[in-house]
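Data block below; observations after.
For reference, chains read A, B, C, D, E, F, G and H in written order, and residue numbers begin at 1 within each chain.
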Amino acid sequence: MKTILTGNHAVAYAVKLSRVKVVSAYPITPQTTIVEKIAEMIAKGEMDAEFVNVESEHSALSVVYGSALAGLRSFTATSSHGLLYMYEMCWWVSNSRLPLVMAVVTRTIGPPWNIHTDHTDLMTLRDSGWIIAMAENAQEALDLTIQSFKISESLNLPFAVGLDAFVVSHTAEVVDVPDQETVDEFLPERKQAYRVDPNDVFAVGNIADNLETMRMRREMALDMEKAKGVIDEVGREFGEIFGRRYGLVEEYMVDDAEYIVVMTGAWSGDAKEAVDILRKRGIQIGLLKLRYIRPFPREVIERFDDRKILVVDRSFSMGHRGTLGIEVGNVVDCKNVVAGLCGVDVGFEDFKEMFERFVRGELGEVEWWI
Amino acid sequence: MDLRCVLLPGNPSCQGCPHAIGLKALSVLENPIVVVPAGCTTIIAGFNPKQSIDLPVVHVPFASAPAVACGLSKAYDNVVVWMGDGATDIGFSTLSGSAIRNDNILVVVSDNEAYMNTGIQMSGTTFWKAKTTTTPAGKREEKKDLALIMLMHRIPYVATASVGYMRDFVRKVKKASKIKGFKFIHLHSPCPPGWRFDSSKTVEVARMAVKSGAWILWEYDGSFRITGMSRMFRDKSKRIPLTEYLRVQGRFKGLTEEDVRTIEERIDEVWKLLDVLENTINKA
Amino acid sequence: MLKEGIILCLGGQGGVTAGRILALACVKDGLYAQAIPHFGAERRGALVKNYFRLSDKPIRRHSPAKRGDFVVVFAEKILNLIDVKEILKEDGLVILNSKRGLNGLKCYYVNASEIALRLNLVSAGWPIVNTAMVGAIARVLNLSLDSVLSAVEDTFGGRLEDINKKAVEIAYGEVKSWSG
Amino acid sequence: MEWLKTLISRPSKGVSGKTGYWRTFKPIYDRDKCVLCYECYVYCPENCVEIVEKVVKIDYDFCKGCGICSEVCPANAIEMVKED
Amino acid sequence: MDLRCVLLPGNPSCQGCPHAIGLKALSVLENPIVVVPAGCTTIIAGFNPKQSIDLPVVHVPFASAPAVACGLSKAYDNVVVWMGDGATDIGFSTLSGSAIRNDNILVVVSDNEAYMNTGIQMSGTTFWKAKTTTTPAGKREEKKDLALIMLMHRIPYVATASVGYMRDFVRKVKKASKIKGFKFIHLHSPCPPGWRFDSSKTVEVARMAVKSGAWILWEYDGSFRITGMSRMFRDKSKRIPLTEYLRVQGRFKGLTEEDVRTIEERIDEVWKLLDVLENTINKA
Amino acid sequence: MKTILTGNHAVAYAVKLSRVKVVSAYPITPQTTIVEKIAEMIAKGEMDAEFVNVESEHSALSVVYGSALAGLRSFTATSSHGLLYMYEMCWWVSNSRLPLVMAVVTRTIGPPWNIHTDHTDLMTLRDSGWIIAMAENAQEALDLTIQSFKISESLNLPFAVGLDAFVVSHTAEVVDVPDQETVDEFLPERKQAYRVDPNDVFAVGNIADNLETMRMRREMALDMEKAKGVIDEVGREFGEIFGRRYGLVEEYMVDDAEYIVVMTGAWSGDAKEAVDILRKRGIQIGLLKLRYIRPFPREVIERFDDRKILVVDRSFSMGHRGTLGIEVGNVVDCKNVVAGLCGVDVGFEDFKEMFERFVRGELGEVEWWI
Amino acid sequence: MEWLKTLISRPSKGVSGKTGYWRTFKPIYDRDKCVLCYECYVYCPENCVEIVEKVVKIDYDFCKGCGICSEVCPANAIEMVKED
Amino acid sequence: MLKEGIILCLGGQGGVTAGRILALACVKDGLYAQAIPHFGAERRGALVKNYFRLSDKPIRRHSPAKRGDFVVVFAEKILNLIDVKEILKEDGLVILNSKRGLNGLKCYYVNASEIALRLNLVSAGWPIVNTAMVGAIARVLNLSLDSVLSAVEDTFGGRLEDINKKAVEIAYGEVKSWSG
């Protein structure tokens, strides 16, 4: 059913449709409306789950860690300082190989206090073994959340669904909300590699041998590689059922492109408009939207190593360059624009100008779009 | 008392370890899951692929235990947190939040009055004037009274206990496990290397704490009462001299007579308060 | 066809809800729409900007519009706080809650405050003008009244539903173009 | 899922091997003095005291020689003797 | 009462904001530095390059305030933490740790009984049955009694206060600022949008809480005593009906008579305990 | 004076010699002995400072944040889970542009619980605006700590001194401990861009404009670039006074090297021995030790873009490749070996074999050394 | 060090501009009724009440019209009147 | 000249301190040294390995030695727990706390337990053998007695200093090579 939803409410509906059993979260703008909506649906009896109000994000993730260990499909959501506050638990969850889903509404890290979008917070998860996706709009937020449970549970890796603060989280737009039956068809019951149970006596997580532990990490690395296939496969299957196909990346006019812009997140929509404008002028430019940051779509990017690449970053790694600039630059040569940090608006007009300068060869290695 | 015995021999605890004694009490629980944050018990619990506690154990980050237990309690009835005093420091928000939420879990804080696993650093519950590696001149602050603080959280069950009085402790664990909601037991756990006494004295030191009145056994389950041996030591004349308890411990070396008097006064204050609570919070 | 609007209101006036109702009405009319509330850190009482888009094709851009094809003003005093011309496109139009319109601009006006008071749509002394304004905007944008009413239905429950629908209806009928 | 075996551990005696070798002093039981009060059983931190057919059995493979059983025994039925 | 007035007009607080009223009490401090964690006060304090509090203000992460204040106190005498009830939830370890350390700081928790800055989510101190966006059916747990819990931390000064009784609050702030060590004031701060009452009623609602006996003004400075107007309401017959206090607030819509009775009983229990404390903890 | 010190005690002495005024830390193995030693020196009256025992790492960094704001030279130390637990404060400190020093004893992140070395924890700081150095041995731990105050205070950026768990932290070895006068000569009184003071009424950190905030971030990025010069300059000056010269990197036989190995941390010593062995066999191999991770010595690495490069990583970014592999690979093509995670020992014999395989061209893009 | 100006803020009235425009109702003071008890001064959350030479002055530039002064006034000397 | 050793002791026997004293003695003799305690997670009582290196040049490697030029055994019962030959280089030697040496190996022995008991160096029933063992190792490694004594001085204060120095001296004198 087509309706109007904010990105946050789209996530909330996806959580409900995914038959999540335990939700725990701590308020932080602009994440809060996700869990407020869930609390409301539970209170109204529309959703059959427990909502646990906690005293911090560290505990929010701990609660769902516990419930997920016990075999219950679980969900949390946070943003910025909240993510940093639960950071220890994020690593614990992934190193436990526990499937779990968390929405991360990307927001600037302070000081100064600032509630607007910036991808730096989400990027702090990139080493930890979480699968990381970014939604471009409310529809993707909903669709990715539903897929996330399936992907997470089939790989035993936690999944973070990113959405830009306000730009996606609070923008109300048209979303096609699938019905419960179809989602049930797509998303089977929760599965996981192990489950804590009073009747099966074992311990989870006690001290282990160094080499064995390193082997465990290597397996995680391999499963992350495997995730690439799983993501594309689940995205294809989703497409068959719901008519919207997903995968590691979205390729927009890249096949014949001489110039390719790589980016992620909500502003990709504006960038596509800018691509259209330049295309109309005969400039062969395309957009490669990274829908997933982890696993990193290295192989896809490699395919374009004969093109001119520009990476537009909404996060910066202090003392080096843009975060995606580093990542993509590891695969292909690229220019790097750092833009839109700390919630600075960047619209299609900006992209038009930026891409023009890129095509004219006017961009340096790392440019701050200020 | 049947201690079916969930703690298996040949585990990595030090000689005379109080946690090891205390953990045996979990034998009386039905189908429990035990959540253990970082601390000596992490070690005692054993090394992969083996574990020395014959129960399902979930090891968790230092500050997270009651919250993880809360999550588990959404599926299971008998979730127990076994944590140290240090975990209670860093995880006090977590503990307090869980208590306020009245999660259906039992939390046992096995209090050896310092961070032992990292090598004897002071904690909130370290005794006044006790020497640790981070208070080489003796701790300047008073011992945090966890149980009273938790009592003020208005949860269904709060108790203190001691590894010196296992029958009392076991009774409390059993009772708590039958109550729905948040249960808290503060277990006094003298640690030989940490407090610097001989490994054979763990139980004796624990008992001296009670006999001298320095550690008071009590229980709240709607009503408040002094329990077990401590009932006897309400009468000050029946107590052993406080110095007996203090002097056996190397960590109190250099304590002056005045220090001892100060401690005595503080103990008197606590007794006074507990007496009053016993008379006030009384359903019967 | 892509139209961009900016809705100016004071915190507490319900501009965010207005945007969402309008967007929902668009969907019901088979259009695409976007309502972007601008969240500053301000508390209630202060000026708030909301962005609005509608189109017959899916809307890809998410950045706030710098200037609107239309600008909606929820309270006359907002005109003292912001120069509407600065955020209006060349041939843009204004929709104003007032007894009269603005000179020198393409302008529609409706006395939404009065409608709200008439219906006793009041909270903490404030007339709740958002649904009346929705009615007016819908009319100006040529959305169908049915769709707007149905969108209001989806948004409110109980007693509030009827009274707000009434506000929409009245304003949909009363909004006028100003030629002054 | 090789990793599962590293993450998960199963109960076993002797996690730290035969900890009997940690011992400096050895608890020696005197059946004649024993009043079968179970104190040693309750307080042995190693859980290596069993009482079978009214006799206290200490598992010397694991007994670390802490001396607690001896201390808590009201009948002095356990003596700590230096190991050789 | 001189409120030289550190809060500047034209600040971003909502109409009738209780924090704004309470903040004025800081005017009586000498050379303070104010530490403010995330919360409505972050907003009220203003936007760069301006600030609306005419004192040095250090904005800090949500859970960190007492610890940052501790650091500042190594250089300065009069460091004050002004924090919300939410900051007290997430930062309860920090608060408790600072109290146990007896840091030389004053902590004021301005308690509007929810996370207002993020849009009215329940906190530990949210009242039983109050509706918030995360407890749409009313909160299931009881209000956390911060002040009593802090009292059990055995710090030199603990008090409750209310924005409805500013003279009492100002006196307490002044007194606390003269004491060395950790001082704690729990300030009751009814919030118009959060509790759903008209912005003109902030002070009245605050006073109704006191007059109905639901909020009790007290102070501990070595001795424990009920203070100010609350002395009068010890006598239950002098109190206004509890329903008056509850009914003015939209968040309590749908409260049954039985609910009100339950609340009443709980209030009675608290009064009983405070009475006892007054008789017990009494230096004179 | 030459004596025997563990890396941790070397740091403690450096803190004392740097006339630090406030120390606050929370115990965690293997960091603890740093602050135990400091507590002991203070108790004995050998050091004039306040030691604040806290209840968590979040508070440890908060306390020194407060004392540093007030103008007092301040120090903390942590490791692994401790770092993750204070992660929010780490960002707050750097975004506040507050000079401050923290020792990070690198340790594996659990589960399973593991106290041994692994650089993954330290690497989580790399986006945040902290200067990050790694000490090879106890002497470097001492020397870098003394330099860190000078560097941090001249740039208004916090400084993390990394040392490998046990391998450096607990290994007792020969350290030349300078005397107080010489250190005083080298290290002036604390300076900082602003200081909170009851007599100067301003607020720090309140909500600011998006664009202004982004500008602030750009300045931080620029100061990080400037840091490269400052680090080399301070390292040179240190060399003149103390006879041991420091800089962004240590170049070991790289000038004529055909093959260059890039790595950081304690095992560089073992790697140098392996280089010597291969050199004796006529293989032109050298070692580029990154003493600093941030700012990233990009320009230095660029100089070697005509050589064959191998990056040996003790940290891995799940879903991509080794952390330094990503960083270095952004500048020059490189092979990447991931080794020694989770405390697995890697000695000169391993390096010998590894380097031989590298030279023989037997290494794939990313190899796990297990 | 341009950044310093973004990190640091100085005291100023009118951080949110002339917040008088937030008002729906306006407090009107009646000097004759006033007993100079200072309640309005103490409780005005906006801190825009001054008492100068025994007269209450409200700074309408900033008064948000919350109505508290009117409520707390024991003498009914402040009336809230709808703004036009 | 680089020599690598492995010191085997039981937790609580002071092996870590022994390593540090030895290293300090090396410095005083103008040598370079390294003492690497191996930290497992074990509590006191369990077997602990410490690594030791000395050299006339700065020591760069930090990895634990797989086999030692010498292996030190603090208690005979350790020989039941570990096969010394497995961690000894071909021509390596063993230094043992015992009344006798080991056959089939190059071996030195000293009755450190007896020396400790003689000096009343006892804690919790355990003879504290570490300084006696330091004396024996120093002798075997040809470190000067003065340096070792001075290192002990730097390590202990008060009463403990003298008694430990005595232990070193006695063991330095009494250690013997075994030829059995």
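The definition used in the following text is that a contact is a pair of C-beta atoms (placed from the backbone, for glycine too) under 8 Å apart; a residue touches a chain by one contact, two chains touch by 3 or more.
Just so you know, these numbers come straight off a predicted model, no measurement behind them.
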Intersection of the contact lists for chain B and chain C:
A, E
Which chains sit in contact with both members of the pair chain D and chain H?
B, F
Where centres are the averaged C-alpha coordinates, which chain has the largest centre distance to chain D?
C
Per mean C-alpha coordinates, the chain lying farthest from chain E is H
Report which interface contains more C-beta contacts, comparing C-G against F-G.
F-G
So, what's the distance in Å between the C-alpha centres of chain F and chain E?
43
Between chain C and chain E, what's the gap in Å when you average each chain's C-alpha atoms?
40
Could you grab the centroid distance between chain A and chain G? Build each centroid from C-alpha atoms only and quote it in angstrom.
47
Residues touching two or more other chains, restricted to chain D: which are they?
5-11, 16-17, 19, 22, 64
Contacts with two or more other chains, residues of chain C listed in rising order:
41-42, 45-46, 124-125
Can you pull out the residues of chain F that are in contact with at least two other chains?
29, 53, 55-56, 81, 85, 88, 92, 96, 110-113, 201-209, 212-213, 215-216, 220, 345
Would you mind giving me the full set of chain pairs in touch?
A-B, A-C, A-D, A-E, A-F, A-G, B-D, B-E, B-F, B-H, C-E, C-G, D-F, D-H, E-F, E-G, F-G, F-H
Of all residues in chain H, those that touch chain F in their complex:
19-20, 23-24, 26-27, 32-39, 41, 58-64, 66, 154
Residue set of chain G touching chain C in the complex reads 16-17, 19, 21-22, 24-25, 64, 82
Hey, which residues of chain A end up touching chain F in the complex?
81, 84-85, 87-88, 91-92, 94-96, 108-114, 116, 120, 123-124, 126-132, 204-208, 210-211, 213-218, 220-221, 224-225, 227, 293-296, 298, 315-321, 323, 325-327, 329-330, 338, 340-345, 368, 370
For a test of understanding, state which residues of chain H touch chain D in their complex under the given definition.
10, 42, 45-46, 77, 80-81, 124-126
What residues of chain E sit close enough to touch chain C in their complex?
12-15, 17, 40, 43-44, 47, 192-193, 198-199
